[in-house]
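In the two complexes that follow, chain A is the common piece, with chain B as its partner first and chain C second.
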Partner chain A sequence: MASITLNNLSKHFDKTQVLKNINIEMLEGEFVVLVGPSGCGKSTLLRSIAGLEQISGGDIFIGETKVNELAPKDRDISMVFQSYALYPHMSVERNMGFSLEVQKVPKAQIKKIVSEVAESLGLSQLLDRKPKALSGGQRQRVAMGRAIVRHPKAFLFDEPLSNLDAQLRVQMRLEIKALHQRLKSTIVYVTHDQVEAMTLADRIVVLNAGVIQQVGPPLEIYDRPANLFVAGFMGSPSMNFINTQVIMDRGQLCLQTTSGDKLPLVHQYQNLQVGMHISCGIRPEHVSILDSGFGHLQGRVNALEPTGISEQIYCDYQGENLCIYSMQRSGCKENQAIALQLDVHKLHLFSEQTGLRLQQLPDAIAEYKVVSGE
Partner chain B sequence: MNTAVVAIKSQKKIDFQRVLEPYLYLSPALIIIALIIITPTIVGFSYAFQSIELLNPFNGGWVGLAHFKAMFADRYFFSALGNTLDWTLISLFFQFFLGLGLALLLNRRFSGRKLVQALVFLPWAVPTFLSGLTWAWLFNPIIGILPHWMSSVGLLSEPYNILSDPQLAMYGPIVANVWFGIPFFAITLLAALQSVPSDLYEAAAIDGASPWQVFVKITLPFLAPMIAITVMLRTIWIANFADLIIVMTSGGPANSTQTLPSYIFTTAYRRLDFGYASAMAVMLLVLLLFYTAILLKMRSKLAKA
Partner chain C sequence: MPDVTKTDYIKLFAHRFAILLYLIFSLFPLYWLLKIAVTPDKLLYSEGVKMWPSKLTWVNFELVFTQSEFPTFFINSAIVSSATALLTTLIAAAAGYAFCRFKFRGKLIISALLLITQMFPLVMVLAPIYKIMAPLGLTNSLLGLVIIYTAFNVPFAVFLMQSFFEGIPRDLEESAMVEGCSRFTALRKVIIPLTLPGMAATLGFVFTAAWSEMLFALMLISDSSVSTFPVGLLNFVSKFAVQWGQMMAAGVLALIPACIFFVFIQRYLVQGLTAGAVKG
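Right, the complex of A and B next:
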């Protein structure tokens, strides 16, 4: 096992810059997930670590070794491809043992190592099969087996679950998590699926347009997104944003929406000034529908998405689509006017100018009196 | 009871129609195939058992296996058979390995690749008679440069035309044939190379395979089916291919470049003995069928392994 350190890594194809000044320190045994929308450079970053892409600037260290100039095979990493990249003309056994075969390890030893790994992945019965005779989940397992057999310093996963159906994906996700706990290995895992990112990662790296947006443990990223992009990208259904301006109302700081509704600010925030334009974020689970009264905002139901366990209600507010996530069944109808209550403790404030989060200051002063919408 | 009989009858009629209908739609194609392929083959086969000499028109009629008996006593036939073997195997060997090499080179990225590809495939597009004539001239010391080069590097004692040397004459058409046939292998093998998924090469690079190991353990298995089929096709084509020999040497000097197809051509159109020529053609067909059967058997065994 080894740590992986990226220093000022950059990469461009011709004139398009795909990675800009990437600095990450991945600890030994850490499960790091690179997440971002398609085209954000996450796969390129992974392939650069693997040595399949030349980098244009910066350094990559695996352990203490600088690997910039090393060929993929000398970096002592193994990779699980999105397409699995199993050799179609070889049996499962040869596929898994291929890295040892090319190193001319004695056959008996290869057989022993492969059968141990196959045993741990439940592949023992399939060793003689060709990849085309396997199901998607089995191929996925063979690809992981091939990676494990090498005993690499680190594992790289490139969207390994994206070709599986939903049910199998959940199962394999659990298996990968169990694998990490068993092997205690350093894993870099690329995905565009934020559920995978949240569930698997020790730390998440959110990338957009080749730039790191935020690095942190899953819940920190969820609870304190660093900017508008991370706030909108992480979380499903995604966060609602309301355009507001900071005003002073009867001695208290409030956010006033363009249609004049007021949201009281119950915490103190760094750099907050009256008159500032703020994009106010609120997660769908922190919005609730009032049975009576006016609430903070009044909206009109656009659409309902019941999933059985929960319900998502989309409603229109100042021309914006607000999503409400509720574990209760609201019984709302389309086009119905509803009153919305926001959990004002859970507001996320972003500067409209910079898109950056306004950090919440520790609550030194007693909480302001909560003013409900009037 | 009467109605039941009628019902059975009409049922039979419907079955009959159902069986016949597809053949009706197929009939134009079937008739064309019968006229253009099957009839000439049968007529050609029948010639092999008849005496048909245009110079001896009254001596016709069925002769049974007489042509085949004559064949086994004909030393020109056996020398032609030996020459066919040399011609086919040597041409095939160089065409295949040079074609494979070329395909591997063209599968790399370099600037101007498209242009080089187009140029490389040019020989395939040149009419064979033209390339035969050009090569014959190239081997001619009066107008061609090759004999002078060969004598300069010590291959020949003096610059003379190898096409007139019975020991060396066969290499003239073989060189021309290799030049002509490389593009075929290059095109087909390049297409096969490009069908290998690139992530397999990436996986192999991470697994630590050397370039030679990648070639032997990944590229070749992918190419194998294509190699089997192209080698089979090319063998048959080269074995049947008489144009270059006819143009460059006409089977001479002293029959030293006579292959079976050129011997058949000479027998039919110079000696005008169609019966004997057809008998040799049938023999060639049988030999090639035999070869194909062996190769297909090997291929299916390989596919299973």
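Right, the complex of A and C next:
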């Protein structure tokens, strides 16, 4: 096990810059998940760590060693590819033992290690098969087994579950989590599945267009997204944004929407000034539908998505689509006018100019009181 | 639904029938070759258009083996063809791999040049090649033939091999490299085993091309001790008569190595065609 440190890492292909000044310190034994939209450079970052891409600037350290110039084979890292990359001409057993075979470990010992790992992954029955005679989930497991037969300094996973169906994905997710707890290994894991990221990570790194947007524990990223991008990207259904302006209304700071509705600000925020244009974020689970009264905003139902356990209601508010996530069945109909209540303690304020979050000041959190509406 | 199965049968039948027609069309000359080879000379003209002679004879084969220089031609051809096939496949595999996996300066120009070599009619280059080969002492020598055949087969073989390498996902060798292989070990342990079908196909293709080549052989070789088999066949054409029977018998014998070769590589060929389809 070892830590991985990236110092000012950058990478460009010809003229296109794919990674810009990446700085992360991944601790020994930490499970770091990289998320970001397609094409943002996640795979490139992973491949740079593995040594499969030559970096254009900066340094990579694995443990204490600078590995910039080290060949992939000398970095002592295991990688699980999205395609699994199993060798089609080798049996499962040889696939799993390949790294040991290359290191010239005695045959008997390879056999022993492989059978232990196969046992732990439930692959013992399949050792003689060729990869093409395996199901997707089994292939995935072989790929994982192949990575863990030797004890590398770190594991790199590039969307290892994206080819599996939903159910299998849940199962493999749990297995990967268990694996991490058992091996206590450093893992860098790329995914664009929200749930995978939230459940597996010790820390999440959000990447967009080759730039790190935020690094932090999953709940911190969810609760305090650093900017508009992270706020919109993390969470499913994703956060609602309403264009507002800060006004002073009867001695209290409020956000006024373009159509004139007011949202009281119950907390104090850094750098907040009257007149500022604010993109006000509110998560769908913090919006509720009122049976009577006016609420904060009035919308019209566009679409309903009942999932059984919950319901997502999309409604139109000043031309924007607002999503409401509710564990109750609202009984709303399409085109019905509804009154919406926002949990004003859970507002996220982002400067429209910079896109950055306005940090909530701690002192204001002391007094919770229910404001207006009900 | 009986209607559907009926049309299915008709389709199947039509399909098979078309294949059969094609086979008859393409194999008929070979059949004729064999027929004439076993027809006694006396009957050749009297029963020329019969599908099968009234009497069979092996005498043509006997004569070919005992009276002609055919065994020498045969051995020469075998040497030249196998050497060409091996050399070409080696070069093509190396070049194909480089084209497929590496970026290097002049890559585009080199592939363009390779393509251009394929555009000239051979007749155009005959004379210059003779001019080059003669002072080097490479006329009248099997080595000369091997060199020329290799040179002419390499471009196409390179493209062939390149496409086979491209059929192998990059992930595989990258995975091998992460698992502790150098690029060369990854090539040896992962890529080459997977390209064997492609190499077999290339080998077979070049072998048959060299085996039946005649133009260069005719021009560069005058001494019958180093003649290859296609040139040797012309020996059966004398000033006064064509020894059809013996010529055809020699032809039949010449088919044998090609057949053996294809039986041998056939399973690789089938594999080679499907291997690319199943990724990872």
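In this text, the second predicted complex is superposed on the first by the 364 of 374 C-alpha atoms of A that agree within 3 Å, B and C clash if a C-alpha of one lies under 4 Å from a C-alpha of the other, contacts with A are read in each partner's own complex, and residues count from 1 in each chain.
Going forward, contacts are C-beta pairs under 8 Å (C-beta built on N, C-alpha and C of every residue); 3 or more make two chains touch, one makes a residue touch a chain.
None of the values given here were measured: they were computed from a predicted structure.
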{"item": "Chain C versus chain B on the shared chain A, clash or fit after superposition", "value": "clash"}
{"item": "Partner chain(s) touched by A:181 [first = chain B, second = chain C, both, neither]", "value": "neither"}
{"item": "Partner chain(s) touched by A:131 [first = chain B, second = chain C, both, neither]", "value": "second"}
{"item": "First (chain B), second (chain C), both or neither touched by A:98", "value": "both"}
{"item": "When both partners are placed on the shared chain, which of chain B and chain C touches more of chain A", "value": "C"}
{"item": "First, second, both or neither for A:236, with chain B first and chain C second", "value": "neither"}
{"item": "First, second, both or neither for A:50, with chain B first and chain C second", "value": "both"}
{"item": "Touching both chain B and chain C, residues of chain A", "value": "50-52, 71-73, 77-79, 81, 83, 85-87, 89, 98-99, 102-103, 146"}
{"item": "In the complex, chain A residues that touch chain B", "value": "50-52, 71-73, 77-79, 81, 83, 85-87, 89, 98-99, 102-103, 146, 150"}
{"item": "Complex contacts: residues of chain B adjacent to chain A", "value": "197, 199-200, 202-210, 213, 217-218, 221-222"}
{"item": "Parts of chain A lying in touch with chain C, wherever the complex brings them together", "value": "47, 50-52, 71-73, 75, 77-79, 81, 83-89, 98-99, 102-103, 131-132, 139, 146"}
{"item": "Parts of chain C lying in touch with chain A, wherever the complex brings them together", "value": "169, 171-172, 174-182, 185, 189-190, 193-194, 275, 278-280"}
